[in-house]
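Each in structure tokens, the structures are laid out below.
You will see subunit A twice below: alongside subunit B first, and alongside subunit C after that.
The block that comes next holds the complex of A and B.
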């Protein structure tokens, strides 16, 4: 019985719920804009520090540089963005389809190895036919990135065909087994992959069409290059998840048998979702190589699969940007603990202990992750206020009827 | 051109080593399988409890027992106390951490995730307490003799001891599961947990004890194997996944499955390098992708391929229950 007055009066929640919902609706855009200008913000902070020093404002300079120690550097942000992207790709099957995969490092690693191996095989002077090396030297990053997408798609499709028939924990263990086959293959065929040392010293990290050099020496350029690719891909994933296909994924997560009864071939849908997830995970892995200019074997090891699971759960698998928040928390805290906190208390060098402990606490007490919990608090708060207000409203109406006069806002 | 071919002593040596490895796999897999069969939780912490058992054993031996009772007795005391301590740790962990998630909708996933988190927490925790490098744990003098030496074949008594102890434990476990009331409840709970609750049995206590039992087995395996390999924080990583392979191949939730599966996987692990030395491989496959150098290191890949095959073709494993998973 809510008319316009009660709707606007009761449904607003308070300032904090409004704030959260604002971010919930526009968060992706806000985050994108923030990340776009982030390197400039860092530069301004640095300029401010220099300015303060020039003007002999030493206290201010000191305060600002202490502050800067707590602000992620550009390389750290690159890593955060890459793993956020990895987490979002992983969340396509984890949060939206309800499939816990413990082997996503396989795709991350394969994407990375594709880039690394191409740069290694097709360098000038190798035994490959010269038309290949010439083409590659002209457009290295384009060729290797597109190849890594294609290879990841093939690998994800193949693994998906094998794995997506299974459900639940068996699916988890199968993905674990299959991904470890990739790891041990990378370790065993070490003349190709460089084994446990990985494949280092990659050269010619260049975007041919723009003649843009990326890599460790050019952190800012690399940042924007990676940011643009991640932004476009995230937009694609967002659209996929908003589409009818994305809703079928969620239907499968909620009740697969019912989805099947509605006529969807759930096995095919799961395979497709798995492939999409794998393709973008491979792209994330390729981007990770581009910055480091080397391929560490850890990228294809179970540890990386575990990292993406932790990251996604920290932030919340029920929220699109959950893994992004989780990636920030994970890498930021890890950096903070191992470089800053460790100065005060030596036990902080054991950051894995903290990560593992916090992870257990989150699974126990905040199973929806940080963003997911905030979202459900917001919903709870507004629902409670709405119900209380509705109850009050109906009470007023009944009282008005009974007393024959106006009580509160209601008329008899 | 090398000829290849394997001497009989080499073959028997590898068989023996496979038996030792298999014995450890059997103990670990039994623990994992019992926990999974009854509680439906895949314990990703099994590897770190294995590692923890080794460290508990190291601690017991090195808290000053040796001057008092001698090395041999200290070792025996450590071996005896590790399962008790690990049982207690398992009880506490189940009661205060694991039991919180049983009522939640995604209990199985939460169980996997919590134990996974533990597998990240514990190694670094141990590093904090004991330092990063490994610790030594030596074979006691009474078991250092060699039982049999023929050419390159060397049957050491400690390894035989491992096999013997594992065999005794398997018999004891069989007795526990099939001849005692607790075992009957465990088997019933594995089969139909709701029914057991309906019959009025205190399921949560049985769950706690079962978890403790599984952890005790894991820790005991850890301390038993540690004189052969170093006691270090990462020792549980590879063994965890290998234990999964054993349980998947043998069959989740069964008793015979992990035993047979452990023995099979142990042999597979030990005999794979020998394939690279057979005449066929050396003469025909040298230089190829699957030449001798591949087979030297191929144990791990082969184990995973076997696990993947079983998951695809016969998910319940050799002796598992039908229809438990799809």
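The block that comes next holds the complex of A and C.
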């Protein structure tokens, strides 16, 4: 985002410079295209395995099926995409505005509970008026997703009003405390929320307008449904961050006092940023329960708040796609340890320990996160090349002047 | 009619009286300086004018309007702009963006549906300001990587980008070499009229060199006011301040 002017600075160079620049500008589109075809790639791999078996190439089939074990399945990709989205929404305030919230599970959970409870309350045969259940049965996901956005907006606005006046540790502690209010509410009012069991067995996860059944029965359809919503929402977040408003956020992160003196009502801006982040986090939470067709209470627990902080720091909060990389690393490692590595070494069943260890290493040695570190390497590389190119040209000019010759027009 | 007036402006910090009932008035286009020994309450007085500190008592009148209860960002929109004693810029943002974001505050805060590239007039305005503060060839550098003197200029640039009518400069030459200080003084002199400028400065050479009028504060109270020659000649000022 900060590199919009880089074309003029890094216009020429070698292959690597070009490649880095290309990824800087189009990385998100490449990632999107890859995710769009991902289920097909998996299907082709499966087809290839069958083909190999049919032709009695057992070694190849074995090799491919071992390979498949290391490739994230579609349900895992659903999880990764949702948490990538959650992380990107979280990073609006963490990375771009410089507000560390430890209570984002509240929005994630409230979004999920809204969808879950609506499915639970408005099922056919419940006590609510029949026109409500009829409308809801016709358009269950449309109504509940929009409601979850509205509810999480209200919740984020309320929490924001209470918390965003504070800065730093006080802000973090306030968001943590306020989010725990929601957790204990979910736990205490168990006749409504299902208590510690959460709300399971939700039926009719369906998109009424397209008559599309999503949910646990069909991972591919759910994948695409979630992918499209995440892609659109991520595009909206991207637009917000590149807008004048988004740049005010970064100014506040850099120096709030200066931003105030420039004439920005920073409390209002912070509140709005917090709400935007909360709304998209709520939407992520709503999407997170679709595949499982149940709302686990963990989604509103502060461990989830911690997860999104870890995910964002893994990938790097300074880069737009940082949390996406973080989400992939987090869930992929977790899955790999608990299903594959554990076959060889039992200690890998304690995946939290390993992920925690990696987290410590990243914070200690790669404080910009993995994507952030790669980014700064490539920027360094490009700057060095640019300087070298400039130096060379100056040197040549000096040399050519000494020879009494004009520098030729052929030089670009 | 004066642009800025203060009536009996006071600030108490838990019993410590930092500024005590100062009456002050500035005409449009003037370049004014406030001097005084350490602890005289110069910066506190300054902060109350800019809105960074709330006054305990008294009034601040700007262009005939009572702005005492307005916060600093509201005063910025009225046309007051300030710099700080300790450099206060956006360090990890490019020089151009530092100035552009300040200029943007006059146009829009909550616009989320366009890109910053769509607001060409803001970029042009920022370009013309960084031209004025002589940082044009460093426009893409991160502000934090600039030399100290350049950062001081950048801060003035940020303040100018908000189209102020009055500029409050808190020790603009702090930490500069004598040569840099002299250039900066000339630069500030060039800004005055149409701009009205109030300067807090330790460097007496600069104060005496460029001010239209000097105000002396001592122990939070108004001590003397007058032209450079008058202040030089003032016995009381010599006693408390210009001891040499």
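One rule holds for everything that comes next: the second predicted complex is superposed on the first by the 365 of 412 C-alpha atoms of A that agree within 3 Å, B and C clash if a C-alpha of one lies under 4 Å from a C-alpha of the other, contacts with A are read in each partner's own complex, and residues count from 1 in each chain.
The definition used in the following text is that contacts are C-beta pairs under 8 Å (C-beta built on N, C-alpha and C of every residue); 3 or more make two chains touch, one makes a residue touch a chain.
Here the structure is a predicted model, which is why all the values come from computation and not from measurement.
Participant: Between subunit B and subunit C, whom does A:306 touch in the aligned arrangement: first, second, both, or neither?
Facilitator: In the superposition, A:306 touches subunit B alone.
Participant: Under the stated touch criterion, which partner chain does A:355 make contact with: subunit B (first), subunit C (second), both, or neither?
Facilitator: first
Participant: Kindly classify A:257 by the partners it touches after superposition: subunit B alone (first), subunit C alone (second), both, or neither?
Facilitator: Second partner only, subunit C.
Participant: Would you sort A:180 into first (subunit B), second (subunit C), both or neither based on which partner it touches?
Facilitator: Once the two structures are laid over each other on A, A:180 reaches subunit B alone.
Participant: Is A:70 in contact with subunit B, with subunit C, with both, or with neither (first, second, both, neither)?
Facilitator: neither
Participant: More residues of subunit A are touched by which partner: subunit B or subunit C?
Facilitator: Of the two chains, more subunit A residues are contacted by B.
Participant: Using the superposition on chain A described above, determine whether A:169 touches subunit B (first), subunit C (second), both, or neither.
Facilitator: After superposing on A, A:169 lies in contact with subunit B but is clear of subunit C.
Participant: Looking at A:18, would you say it contacts subunit B, subunit C, both, or neither? Reply first, second, both or neither.
Facilitator: Touch status of A:18: no partner.
Participant: Which partner does A:50 reach: the first (subunit B), the second (subunit C), both, or neither?
Facilitator: Touch partners of A:50: none, neither subunit B nor subunit C.
Participant: Write out the stretch or stretches of subunit A touching subunit B in their complex.
Facilitator: It is residues 100, 162, 165-170, 172-174, 176-178, 180-181, 184-185, 187-189, 302, 306, 309-310, 313, 347, 350-353, 355-357, 359-360, 363-364, 367 of subunit A that touch subunit B.
Participant: Which bits of subunit C are touching subunit A when the two form their complex?
Facilitator: Touching subunit A: residues 50, 52, 71-73, 76-77, 81-82, 88-94, 97, 100-102, 104-117, 119, 140, 158, 161-162 of subunit C.
Participant: Using the touch rule from the top, collect the residues of subunit B that touch subunit A in their complex.
Facilitator: By the definition above, subunit B touches subunit A via 42, 97, 100-101, 104, 106, 108-110, 112-114, 116-125, 127-128, 241, 244-245, 248, 289, 294, 297-298, 300-301, 304-305, 307-308, 311-312, 315, 325-326.
Participant: Given the complex with subunit C, which residues does subunit A contribute to the contact?
Facilitator: 2, 4-5, 9, 239-240, 242-248, 250-251, 254-255, 257-266, 269, 272
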